[in-house]
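Okay, here's the structure, questions in a sec.
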Amino acid sequence: MSAVPTSEGKVILSALIKAIQDNKQYLSDIDGLIGDGDHGVNMNKGFTLCGEELGEKPVDLSEGLKTLYMILMTKIGGSMGPLYGMFFKAMSKACKGKETVDAVTFGEMLIQAKEKVMDISGAQLGDKTLLDCLIPAEEAYQSALDAGKSFAECLTAMSTAAEKGRDSTKNLIAKVGRSSRLGERSRGVLDAGATSCCLILQTFATTLQEQMK
Amino acid sequence: MSAVPTSEGKVILSALIKAIQDNKQYLSDIDGLIGDGDHGVNMNKGFTLCGEELGEKPVDLSEGLKTLYMILMTKIGGSMGPLYGMFFKAMSKACKGKETVDAVTFGEMLIQAKEKVMDISGAQLGDKTLLDCLIPAEEAYQSALDAGKSFAECLTAMSTAAEKGRDSTKNLIAKVGRSSRLGERSRGVLDAGATSCCLILQTFATTLQEQMK
Amino acid sequence: MQKIINKPNEVVDEMVEGFVKAHAGLISKTDNPRVLKYKAAPIEGKVGIVTGGGSGHKPAFIGYIGKNMVDAVAVGEIFSSPPAQMFYDAFKAADSGKGVACLYGNYAGDNMNVKMAIEMADDDDIAVKTVVANDDVPSAPGDQLNKRRGVAGEILMWKVGGAKAAMGANLDEVIAAAQKAINNTRSMGIGLSPCAIPEVGHPNFKIEEGKMEVGIGHHGEPGLDVCALETAAQIAQRIADIILPDLPFNSGDDVAVLISGLGATPPMELYILFNDVEKILTDKGINIHIAYVGNYFTSLEMAGVTLTLMKLDDELKACMDYECDCMGLTQFGRN
Amino acid sequence: MQKIINKPNEVVDEMVEGFVKAHAGLISKTDNPRVLKYKAAPIEGKVGIVTGGGSGHKPAFIGYIGKNMVDAVAVGEIFSSPPAQMFYDAFKAADSGKGVACLYGNYAGDNMNVKMAIEMADDDDIAVKTVVANDDVPSAPGDQLNKRRGVAGEILMWKVGGAKAAMGANLDEVIAAAQKAINNTRSMGIGLSPCAIPEVGHPNFKIEEGKMEVGIGHHGEPGLDVCALETAAQIAQRIADIILPDLPFNSGDDVAVLISGLGATPPMELYILFNDVEKILTDKGINIHIAYVGNYFTSLEMAGVTLTLMKLDDELKACMDYECDCMGLTQFGRN
């Protein structure tokens, strides 16, 4: 099977919510090293509210992602609300009306997400933000797809690149956000947003791959 | 000789001014232990201004004391301005128009000073203030006078009592002023106001005694 | 000591200089460099309102000079009463012939200097009467009201006295209204961190992290107790339990509420505290007629707060609702 | 952390609650608990003025809601931009059909959230135009004005926009005036001690005793330099040397001056600094048309100050002199 039915949206959303909840402390700790230590708290607030809103019943993937982005955009301020709000809004739109998510659809979801986030963020690759994870991950996915790889293989390529992108932030100097205060001293530590972005992309990959089995 | 001509006021005022100036640091240091450490500064400001006002020319005692109290009352705020202002105002009035200061006149100056200060201060004997020096000193002077002692002897009695009164403040708990904040912890240290009061009374005593020689 | 100053012994002079320049439309100098007056004072036919005290309490005291408020202020050194001469010069700057209401706080130095100033004024035929604010409940027991200090309640006293004078009342009426105001006012403060007098250079008392000083005075005078720092709700309750029974304030009363920060406590915290105070008052059936929340009477950069309540009758309400214009408190008339 | 609060994660909600209760005659809640509005808003025939931003800057932002000032405000968490929905709800609360001028500060989060809110409003036929304050000179060089942060100059932008709207101008005219205001405004801050976000519990940056941070931002963003603490006169000169040539301000110019404390710095020090600033301006032949000195835009309990200058033409003067009534800035009309 090389596609996942969108009717199984609940599985993916539950996995995303759990991933953030499980890593709440970790994400805040990373943010605490060079930021204000609340990234896990901010993310957890939005994702947990979404979980409460979705409840127990099944949900279409596009609808589920819509619930998530609506909450991010209405309840979560700062930068995470609009950045991840745009991320999931783009994803939701790109799979709207589809029966299944296949390699092309997910590629469309990724590229839309990347573009919308870049559009609203204003940050550049190398500024030590979640873009340093998202951009290379999306590019790796497209290269694999263009090279004729399977959906599962494309996801693996994305995962690997996301991790590499996340790790690349360790040696960067923060150019935006609170950590930019530290200049040279922001080097040597992962970026919190890139870490949560990697977590989200990897959760997509493993959950989709599992459902394809 | 058992009286001092009031025309020699300058000698007494210069002595008072010098005594305060010489003890500026000492008075502030005492105040620093349980107060805000500015008693010497406050006193020095008033007495030095008076010295500048008086200049080099001779002055009648009552007139000289008037200059001093006017400066204290117009330029020195807080409690010292009115307390020592009243002190010297009463003294000035009590010797006004006299040719000389004799034992009776000085007794009158002392009693008026004590009463005016008590009147405006509101503090009680034992509250750890300059009254703990002034009241016993005045009483010792009057007792000596009533006992028929000479002017010089009365002044010595006053001096001795002033010193005893000043030292008595060491074991008192401050009831008024800043030091009262410390309660029990204000014990064990001299009161700054009692110390300056003792200094002033002893300066009167020695200067008058010297002029009588 | 992290302060933006020049010479520590000239802070008051420079502050006065800056203040006069910043509020040139409202404030005038007088011949005495330490006496400032409302530009329009003395106002023909109006009783003059005078106050004064040590500096370091901004907006108090000079910030309350203005229209329908205080006419002239004697400006002392930091935390130190102005000399008698300054009060006397303030009387002269405020008197239009209708007399002067000197409305000040109960501190030994101020009492002495005002007393002497009144003697000086007596020779000039300026009629001066006084009201001495004593709203600070923790500073003495209820049977020694005359020993209590004046704190932020002074502002309400000036507001009432200033409005009454502006309405055309004579000296006795102004004094009676201001006295009624302070008689119906109760305050209490909590200190969270100390302050440093610039000339001294370091705080001359301490409040440890995690502690608060209950009943602290506006110059760091000792309070009732030093205890563990509490929540806003607990602090509100603690103060209410002390000041409400003291007057007492009862169900059905209309009150003015004034929450003043002591300097370094952000307005956010003052509003959080107000929220808790409002709940307690509402629970007790006490109605808030007017509320002031902000830094109205400070103690340099001390952290902490004073809560003040004034019970209102119709006369006091009319005075509180009256228009006024000064740096510390500008309000349009309410009705 | 010596704070008067209850739950650290509820400080904003409780502050908003307290604020609404304290200013019931001026402020109304809306359906969105984090959007407050002027009681009379939306005002028939008047362009609505909206702003918003993170909390912890009291009186900014909600303290500028009122008559002839801001109509509605989106209230974020401490130092954190409000979600798009709140800006959107604020637009709705302010719009009378004449459109909304959203006048806010240049921060990544606010830019993103306002951008999204405008998209939301587009569907509703609410015309929203923006002016983004970028008055903070040290935050970026003069050839990158669009990277500069907005700081206390925002208040002057609101004052101008609010007055212009009250005078009956249409949306484009209000936007043009507010844009002109900020284009003619330059600010710079100095930090003397840090602040702690209640939920974090400790300051997340440090300023050592005896040092000052030159060009610090309103959330502790790094400045140009950390150097030895200077005198008020030196600080005034240092700031003037940076902001005067930046616009530039020239001899003969009329200006508004705003000196805002960052929270814990007492007004006394602000007036001392103003005294030095006034001397520099007077020396240069720059005329102070109006001055504001106080805690107008703070950063919790940070110690320090922002100096803001706005060059005035007749239109801006008329706006600055216009009557307004809000918790942060009440003034009678001047002329």
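By letter and in written order, the chains are A, B, C and D; residue numbering begins at 1 in each of them.
Note that in this section a residue touches a chain if its C-beta (ideal position, glycine included) is under 8 Å from a C-beta of that chain, and two chains touch if they have at least 3 such contacts.
Keep in mind it's a predicted model, so treat the numbers as computed, not measured.
Enquirer: Trace the shortest chain of touching neighbours from chain B to chain D and give its length in steps.
Expert: 2
Enquirer: Can you work out the whole-Å distance between the CA centroids of chain B and chain C?
Expert: Result: the chain centres lie 34 Å from each other.
Enquirer: For chain A versus chain B, what separation do you get between their C-alpha means, in angstrom?
Expert: Here chain A and chain B have centroids separated by 81 Å.
Enquirer: Can you give the whole-Å distance between the Cα centres of chain C and chain D?
Expert: Averaging C-alpha atoms per chain gives centres 29 Å apart.
Enquirer: Using Cα averages as centroids, what's the distance between chain A and chain C in whole Å?
Expert: Chain A and chain C have C-alpha centres separated by 56 Å.
Enquirer: Hunt down the residues of chain B that sit against at least two other chains at once, touch-wise.
Expert: If we look for residues of chain B contacting two or more partner chains, we find none.
Enquirer: Which residues does chain D have that touch at least 2 chains other than itself?
Expert: Not one residue of chain D touches more than one other chain, so the list is empty.
Enquirer: Are the chains arranged, by touching, as a line, ring, star, complete graph, or other?
Expert: Basically the chains just string along in a line.
Enquirer: Which chains touch, pair by pair?
Expert: So, checking each combination of chains, I get A-D, B-C, C-D as the touching pairs.
Enquirer: For a test of understanding, state which residues of chain D touch chain C in their complex under the given definition.
Expert: Where chain D meets chain C, its residues are 2-6, 11, 14-19, 21-23, 25, 55-56, 58-59, 63, 190, 192-193, 207, 209, 212, 229, 231-233, 235, 263-276, 278, 288, 291-295, 298, 300-301, 303, 305, 325, 327, 330-332, 334.
Enquirer: Residue numbers of chain B touching chain C in their complex, please.
Expert: 35-38, 41, 72-79, 81-83, 85-86, 120-123, 176-178, 180-183
Enquirer: Residues of chain C touching chain B in their complex?
Expert: 54, 76-77, 80-86, 108-109, 111-113, 115-116, 197, 199-200, 204-205, 219-222
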